[in-house]
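I'd like to ask you about the structure that follows.
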Amino acid sequence: MPSQPEPFLLINFKTYLEATGKKAVELALKMEKVGNETGVTVGVAPQFCDIAQVAANVKIPVFAQHIDAITPGAFTGHVLAESVSAAGATGTLINHSERNLRLPEIERAVQRAREVGLTTVVCAGTARLGAAAALCEPDTVAIEPPDLIGTGRAVSKENPEILTDSVKRIRNVNSRVTILCGAGISTGEDVYAALKLGTNGILVASGVVKAPKPEAVLLDFCNAVRRLA
Amino acid sequence: MPSQPEPFLLINFKTYLEATGKKAVELALKMEKVGNETGVTVGVAPQFCDIAQVAANVKIPVFAQHIDAITPGAFTGHVLAESVSAAGATGTLINHSERNLRLPEIERAVQRAREVGLTTVVCAGTARLGAAAALCEPDTVAIEPPDLIGTGRAVSKENPEILTDSVKRIRNVNSRVTILCGAGISTGEDVYAALKLGTNGILVASGVVKAPKPEAVLLDFCNAVRRLA
Amino acid sequence: MPSQPEPFLLINFKTYLEATGKKAVELALKMEKVGNETGVTVGVAPQFCDIAQVAANVKIPVFAQHIDAITPGAFTGHVLAESVSAAGATGTLINHSERNLRLPEIERAVQRAREVGLTTVVCAGTARLGAAAALCEPDTVAIEPPDLIGTGRAVSKENPEILTDSVKRIRNVNSRVTILCGAGISTGEDVYAALKLGTNGILVASGVVKAPKPEAVLLDFCNAVRRLA
Amino acid sequence: MPSQPEPFLLINFKTYLEATGKKAVELALKMEKVGNETGVTVGVAPQFCDIAQVAANVKIPVFAQHIDAITPGAFTGHVLAESVSAAGATGTLINHSERNLRLPEIERAVQRAREVGLTTVVCAGTARLGAAAALCEPDTVAIEPPDLIGTGRAVSKENPEILTDSVKRIRNVNSRVTILCGAGISTGEDVYAALKLGTNGILVASGVVKAPKPEAVLLDFCNAVRRLA
C-alpha cells in the first residue's frame, strides 16, 4: 500500500472580486502565512490573469482553475497548458462543475498538463464520476457534489456516504490517486470529518474567500488537519 | 460625419508558442518599438496568463483575447472583465471565430467590458454578422472570414467585396464604430488594400507572430499605413 | 410599405410531458380546432420525434424547435434541416433562449432552413439582439426576454417598452420581417397588448401547454386577435 | 461468468441524406431483411425526426442517436428520453464523438434512459474513456477511435491493440457491459476481427449507409458473425 499523501488544502479563488487582482495576491499571502505557521500544505487557485502576480509573491503551490485540451496553435481565447506553466502555476483544476469538459477533453487535458509538468486535480460531482475521473490518471480527484457548492452545508457532514462511496470506487480503479473533498466546507469540523472519511484534503472556495476573515477560517481548517496527524 | 479614427494594427498572439510566456513579452516589446518608430498605433492581444507581464513592460494597448459574459461570482475557470482590467489590459476581443459566443453573450460581454472600461473589438466572419455585431455597440468590429484565417491569402485581396459590403452594412446601422479587417493579412500591400476599402485597421495573428522576423512584417504594415496618411 | 402580415400564434411544446408523444398529437388537434373556428392562424412546435405524427394529423403549420447549422453528413445526434422538412414541418425556431446558438450558426441555420423551404423564426431576448437577428434575414423575429419566460408575467404588460423598442430597432434594419412577441403571455389581454404595440403575433409555451384547458386559453388569445381585426 | 451476449450490429444513420426521411425507412427495411435472413441481431439509429416512421415499419431495435440529460420541462430544442421512447425507439446512443457530452451529463443521460426503459450505448474514443463510460453502467459501451471514423480503415485491423486494451480495461470495472467496436468498419473481415478481439458487435455508419449496396455490405457483416458462431 502506498504511503498516505500529506493532507492538502486547495483554495479556489473562482471569479470572486474579493480575490481578483491585488486582492488575489493579498489573499494568497495570507493563505501562505497560515500554511507556514501550521505546517499544513496549502495551495491557491487564482484566476488566469492573476497567476503570474500570485506566483511571483508566494512559495506555495499555485493552480490554474482550468486548462483547455489544446496544443500550441490557433486557439484564440483558450488556455494553453504551457502558458499556465510559464506564468508560474504548478498545477491546474480540470473539469470543475462550473467548467465541465466533454469526456475526451478530460483525458487530453490531463495529458497536456502532464506534458508540461502541471499537477492535475480533476473534479467530479458523484462517486461514479470520481472513479471515471480517476481512470484518466490525474494526480488528484476532487469530489464536489454540485448541489452543495457554496451552501455552507458540508458534503462531509451532509452526505458522508457520498465520500465513503467515492473513496471506495476511486480506490477500486486507482490506488495511487490523491482524493480531495469539496462543496460546502466552512469549518474545521467539516475538514476533520472529510479526512476521517478517507480523503486526503479539501477543495474550498467561498467558505474561505468570502469569509470576513479568510485567514481565521483557514487556521481553523489547518488545526483540524493537525488534530488528525 | 465623425472624424476618421486613426489606423490601428492589433496583433493577436493566439496560443502560439512563439508568443507564450517570456516570448510574449519579447514580441510585445518588438511590436511597441515598430509602432513608436513609425508613429502608427499598434496593440497586442496576448494570452490571459501573459497579460500582466506584457502590460507591465509596454505602453501600447494590451487586449485580452476573450472575456466571459459574467459578473463576479462562482465561475471557476472563466474570464472576468474585472480580472482582465486589473492585470493591465485596456481592451478585449469578443467572439473571435476560434471562440464564438452565443448571441446574448456578445451583448452582455460588450456591456461587461464597458462597465470596467475595456475597449471592445467584436469579431464577425461575414458582412451581415459584422452589422449584427455593430448593433451591440462595441468600439470596434473586426471582419474576419474564417476560411481565410491563417492562410496568408488576404481578405482584402482575395475577397475585397466582403470588406466593401461589410463596411456598407456596418455603417448602415452604426456610424461611429471602428472597423478592422482580418484573415490572411501578411504584407503591407494587404494592409494598404484593406484601408483603401474603408476599414480603419487590421487584426492579424500568424502573419506577424509566425513570421521569421515579426518586426520586419509589422514595419511593412506600418509603412503601408503611412503611405495612406 | 408592405401589407401587414396576418397575426400568427405559435405554440411551443418545449419538452413538456403534457405535449409529448400521443399528447403532442392531441394538443395539436385542439390547437387546430380553435384556429379553424376563429379563423386565426395557429402553428405548433412539437419535439423532433413528434413532428412526423403531428404533421400527419393536422393541416396547420408545424415547426421544429431548433435546427443545427449543418449540411447532410457525419453529424450524429444533430438536427438536419432536410430531416425536419421530410417529417412534415414547414418551419423552425432558431436560437430560442433555451437553445441559443453561436452568432455564425444563426446566419447559417437561417440559410439552411431557406434552402429546404422552411419558414424561420429567430428568437432574441433584447431589442438590440432582435435587430441583430433581423439582419440574418429570417422570415420572423420573436422577442422573448428570458427573465419573463414561464412566469405568467407578460412582456407586453410588464415591459411594453422592450416591445416598442424592439419593433423600432427591427424595422430600422428590416422592413419586411414578421415580429412575434413571447414570454409570460397567458391571457387574451396580453395578446391584445402585444399586437397593439406593433407585433404580428405571439410565441407562447407554458401559458397554453401547461394550462388546465389549453384550448380555452388559445380561444381567449384568438378572440383578442379578432378584436383587433 | 455471465453468458456472452449475442452479437449485435448497430447501423448509425447519422445525418446522411441517403438515410433521411423515406430513405431512412427504406434503409431500415433492408437492414431488417438481412438480419432476418441471417438470424443476426441488427439495429438502426435514424435521425430524431425519422424514429417514429422507422419504428412503425420495422421490428428490429431502433435507437436514437442522442438524448439530452434533461427531465420533462422547459428545454426547447432538446431531446427528451420520454419523447424518444414514445416515438418507438428502444435504445439510444450517448456521447457519440460527433455529439460528446460533458462528463456529468453522461451519467445523467444513462439514468434518464434507464428510467424510461431505453437501452444505452455510450460511445468512447479510447480504452481509458471506454472504462470511464462503463462506470456509468450503461448496457453497452462502443469503442470508436475518432481518427478512424469514416475512413474505411477499420479499428479492428488498423489498431487491434486499442480494442484488446479497451476490452481489458472495461472488463476490469464492469463485467456485464456489452462492448461494441466502431470506426472504419467496412468489410466482413473487419467485423470478424473485431469479434475475435473480444467485442460483442459493431457500430457502423458510412461503411453501410454510404455503400452502393448497403444490404450487400450488411450481409457480408452478418456472414462474418455466423462464421464465429
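By letter and in written order, the chains are A, B, C and D; residue numbering begins at 1 in each of them.
The rule we apply is simple: a residue touches a chain if its C-beta (ideal position, glycine included) is under 8 Å from a C-beta of that chain, and two chains touch if they have at least 3 such contacts.
Worth saying up front: this structure is predicted, and the values here are computed from it rather than measured.
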item: Third chains touching both chain D and chain B; value: A, C
item: Pair joined by more contacting C-beta pairs (A-D or A-B); value: A-B
item: Most distant chain from chain D, judged by the mean position of its C-alpha atoms; value: B
item: Centre-to-centre distance between chain C and chain A (centres being mean Cα positions), rounded to whole Å; value: 45
item: Rounded Å distance, chain A centre to chain B centre (Cα mean); value: 35
item: Junction residues of chain A - those touching two or more other chains; value: 97
item: Touch-based graph of the chains, sorted into line, ring, star, complete or other; value: ring
item: Chains grouped in pairs wherever the two touch, ordered by label; value: A-B, A-D, B-C, C-D
item: Residue ranges of chain A touching chain B (in the complex, touch as defined); value: 12, 14-17, 20-22, 45, 47-53, 64-66, 70, 72-80, 82-84, 86-87, 89, 93, 96-99, 149-150, 205-206
item: Contacting residues of chain A [partner chain D, same complex]; value: 95, 97, 100-107, 124-126, 128-129, 131-133, 135-137, 146, 169, 172-173
